[in-house]
């Protein structure tokens, strides 16, 4: 079934984000140099590269946390200005973190519900009295959150405090929280880091399903090439802040530079 | 409130009536999106009508078959109702059967339409579609992962349900057309031997038997039942579907397999059916969990369980019990029994059945001592279940209870025969098998060996054809032995041999969970099932249990030669996917004895170990093979005569 | 305006500022070494001073008293490390902070329970009110004297940091804990050292303040004065503490004298905090503190 | 073991998200309320009402306020008493200037003023965290205390710099005896507790906790840290202000600014820490603890020594015990009594199983 999915995706070639010739450096250290990258609507784009290749910096540029000293970032054809971190989400960009950043004091359900916060209205009085829209929206968004729980097959841990969950499930909940925002662009920072084989397989399945069912554009950065190659439509390879390859997994795999980079990285 | 079922003689008619008299009362609940989404009887009826008309549009006609494949889901129950309204015959299939098992059934039943739960089932059907020219359409309930499917016969059930949702359709004619002798449902018995046979049950069969059962147990529209057993199994159709139609109570479908226990606990069913292995599993789990309880808790638990063991049953059977012990039991109820039942979700259980296999007396009495009115039931698909059943206050763990009202039972050459209103119409497209089973006077052959004891209780010993003879000429009842073995809790499966042999020997499957926790407590390291099964300490553990059984057997004049002389622990769990067990987890004796012939020979040789390699099927259908060198252990035979002498 | 008067106020402020620095030093030591903001420093000042003065009242010779009190402060440090710091190690800093508030209460209660809470008179043989003139400005002798003590203490401390093994270890810890271990001294020991040193500093501060205000509960509140000093000077720098103290000292005196007339007197209670607040908003790490690295 | 949840299934989100989803809890709460509103008025004498229960309730409210800030939103404050003071003096001044204003309005006005001051002093929380923020709130503590002491206007130029609460009355009923006062305070506090509980389980509460648990992630999912923190400061100080008004009007009657000194701030902080950060019940448990402990010590003391000990000694022991308890709880159970209670409850629900 996957196959058809990919086909009708490559059909639409709308560019969601266009990153033009950006450079980013912290003090002396050059994190990114003259990188060009465009993100197509509805694709799964993997940014890979050895440690310290500038993957995270790239992700932070995409998400808008870092503003490159040189070059421009266009979001849906428009130039993107500096924005407050909390407005990134409102632009339709959600992300997960490399080392899990869940709200440890809450249950899985509450974490996901918190992801819905920006879609809720704030009304101190109605919420304090839990009346009218104050209650209604809680119930409506609970419904939405439950759909995500169902989608990620975590019904059995719905009300468990996340701190008590095993690593793999925590990652899943964090994905759920990002999905709750109903983002156009989903950034995954090493989604499979430190997972065992089954967990990785599950995560891959979910990433593909998200992309197919919600048509969400996904950018994920990964350290090892393995899994990523199977699920992504396009792969960009960074090495020492420079993009050394960009294309379909097969193209990239055969790219000499890439092989060197990885051998170099040992 | 009991209704006159001579006029309401088919389920569609009853359903139509329920929609009126149980208006607004819940008929089906499903835990979905975190809450129990409820369907009232009138909604259920309305939807059934909509679905029915939709199915008719897609070309379903009277008498045609429609396959139902999946876990217990409201929409699948709805589909059964819809098919019946049209006079079509629903054929539920086991959701976990592999593609070619399904192929046989769908082919044999000439199924035109299949209504399935999810992608998993759809994929299975698409795999075999080419071999099933008749199969026109596949409707799925859960669209997850199916958006991209291009095949035109794959359609969403919601298409029908939503399309006609608000136009009001009247199918009264069709409903009136249904008559009591129509086939209500066709159930394929996963026969212990040969291909499954399609049992045809008429409305009359089911309704006449079920209404008596409801009368007997006083089920009402306030009861709650959790539907978790396979829809293809007759039990689900009688205990859930039929009885809920007749009494108007609510069927509750769990959210997913891994939330079953939570959901059970939330609902707290008042009417609960489970095969022995489930009850036993629950008990083992409970004991394992109690292991790490604090000293005080453990003490309280053990103390009050003793109290319950001594007085619980009498209190349950309303016998005379000294006031002091009543109070003590009451205290125990507050401190232990109540919370236990609550944790297991059994607090509200009024009626609890077990059947299908024999159940360990200890397990059985444990639950009764908690105040759960657990009763044994003996039945068959062919009899619309009920042949015999324990009555309140007259329960004997060793028997399957007095004969069911309206049913006659006779014993011929040790084999049990019965006749009654529930007796099925015959096997679908299998005259000869039907003849072999029902004689012209209507007596049905159960294939079980049994006796009627002197308080009129039926007692089942074994499968008649399995009852063999030892070379000593004494009777050899393998099932009887195997059950005795399995009662100990650490043995999951056992296969006994001895027909035309000098002595009895057996294969053992250890219960991984129980033995594993035992191993932990005695800090015995092990890498996995095979390793654990091979450990000599485990062998000794099993040997102890077998010794108990032997002692017990030695008491019985008929069976004292059936003491187990040698045994080995199998390196793999007997598995339905490998065909070693039936879908209802009964041992497929012949298949096993041919597959493991080598081991059996070894058991009857002087060997004390044997190397074996077997092919196995994993959950995902992949095949592989595992091998091990199995140790064979000898047991000593207890001979009472000697002791006497 | 009268410049002599201004100078008088200014110098007075500087001198009393030194007194604040004296207390602030204790905070800095502990913060440098363990990242803990020790709210109990004030209580330690009170405890040290009370012990000291009560022993004198019993007629114990001054030097012996000094020795004993130092011993007591070291015991206290050990006690704190065992009972409070060890179980809370690598806990959230804010938790440790609240713990020290608890500790503050405990010590205050304990000190007064065993030593009683009546005012102890501590006479260092310097007349509180004697003053000498520079031009037309009156400078308080006592303050100068106190300033000298403070100065010498700072000197001693910096020597201690520079030329002793422990001192270097402490500096190492300040940089990072691994380093400390590589020096070969277990963290717990280091903490004991730090808290002991802080205890001794507290003693000095206590004696000086005690002789100024009289040894009583009130002197534990000078800690509250020290907090803005730290914010301004930075939590991690000894010179910072001194200069912060000076700024606060003359800042509040000048404000009292020149603003007081307009907005009312007694502002020295909050004025330092407002100063601190402003510094915080502009430079959260303080004027001399090391930058606080935020994890992103 | 008293929990029998089997059969308590939810068919709507309304039921599942109810404030007390478990039946046994509903009953327990019902009984508690019945006890507080009906039984206590019969059994409690004036001493209990006016010197234990009413102060307990007023301080609980303050603790509740601080808990919103520190427990839910994770922002520490040492200026609680100052915000109480603002509430008290604002309410007083409104009534002095505009006598016809009913006291309830005055109380709310007090709360609102306190809230705005709270927000003002909360502004630094956008740049600074942890005890740096604590310092900022300390600034509030000292500044406000000074302001109220040095400017006669706030005390209506009272010679001894104190305010004296005008008599209370509602719809013609004079609220002058301990019982009526108790019922008034109880009602107000219960309502506030209810409101906080609701906020905690709503969008706002989740935003607060998100900021507390992981502010970076909170920002990434679009939570505006500034607004959220300031809202926490606002709500928190509103409750503190209200508590202050109750303290001034009903507990003391005549107040000087020093009644709201830093010691009070610490006292409230202790209540929250001991009672339990981030839970409504914690505020009450903590307050109860802090109120009852001294009484307990007193009686213990007199039992042990036979004769009553000097109040001074008692006070010192109090200090030590409080301090010790703070450290104890931070080490053993940072979530305080409330958490212990919760654990006990979990145990009861699983009984007899260990897990």
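Just a few scattered comments:
We just call them A, B, C and D in the order they show up, numbering each chain from 1.
Here is the rule we go by: contacts are C-beta pairs under 8 Å (C-beta built on N, C-alpha and C of every residue); 3 or more make two chains touch, one makes a residue touch a chain.
These numbers were taken from a predicted model, which means no experiment stands behind them.
The greater number of contacting C-beta pairs, out of the two interfaces A-D and B-D, is seen for A-D. Put simply, the C-alpha centre of subunit A and that of subunit D have 42 angstrom between them. Averaging C-alpha coordinates per chain places the centre of subunit A 50 Å away from that of subunit C. Each chain gets a centre from the mean of its Cα atoms; for subunit B and subunit D, those two points are 58 Å apart.
Once the centre of each chain is set as its mean CA position, subunit B and subunit C turn out to be 78 Å apart. For subunit D, the set of residues touching two or more other chains reads 13, 16, 216. Those residues of subunit B in touch with two or more other chains are numbered 34.
Residue positions 142-143 of subunit A each touch two or more of the other chains. Under the touch rule stated earlier, the contacting chain pairs are A-B, A-D, B-D, C-D.
Listing the residues of subunit D that touch subunit A in their complex gives 13-14, 16-17, 19, 195-196, 198-199, 201-204, 206-207, 209-210, 212-214, 216-225, 231, 235, 278. Residues of subunit D touching subunit C in their complex: 76, 124, 127-128, 130-132, 134-136, 138-139, 142-143, 145-146, 149-151, 216, 262, 266, 269-270, 273, 312-313, 315-327, 330-331, 334. Remark: subunit D residues 1, 3-13, 15-16, 350-355 touch subunit B in the complex.
Across the complex, subunit B is touched by residues 1-2, 4-5, 109, 142-143, 146-147, 149-151, 153, 155-156, 158, 209, 212-213 of subunit A.
Contact residues of subunit A toward subunit D in the complex are 63, 84-90, 94-95, 97, 101-106, 110, 113-115, 117-118, 120, 122, 124, 127-130, 134-135, 137-139, 142-143, 177-178, 180-181.
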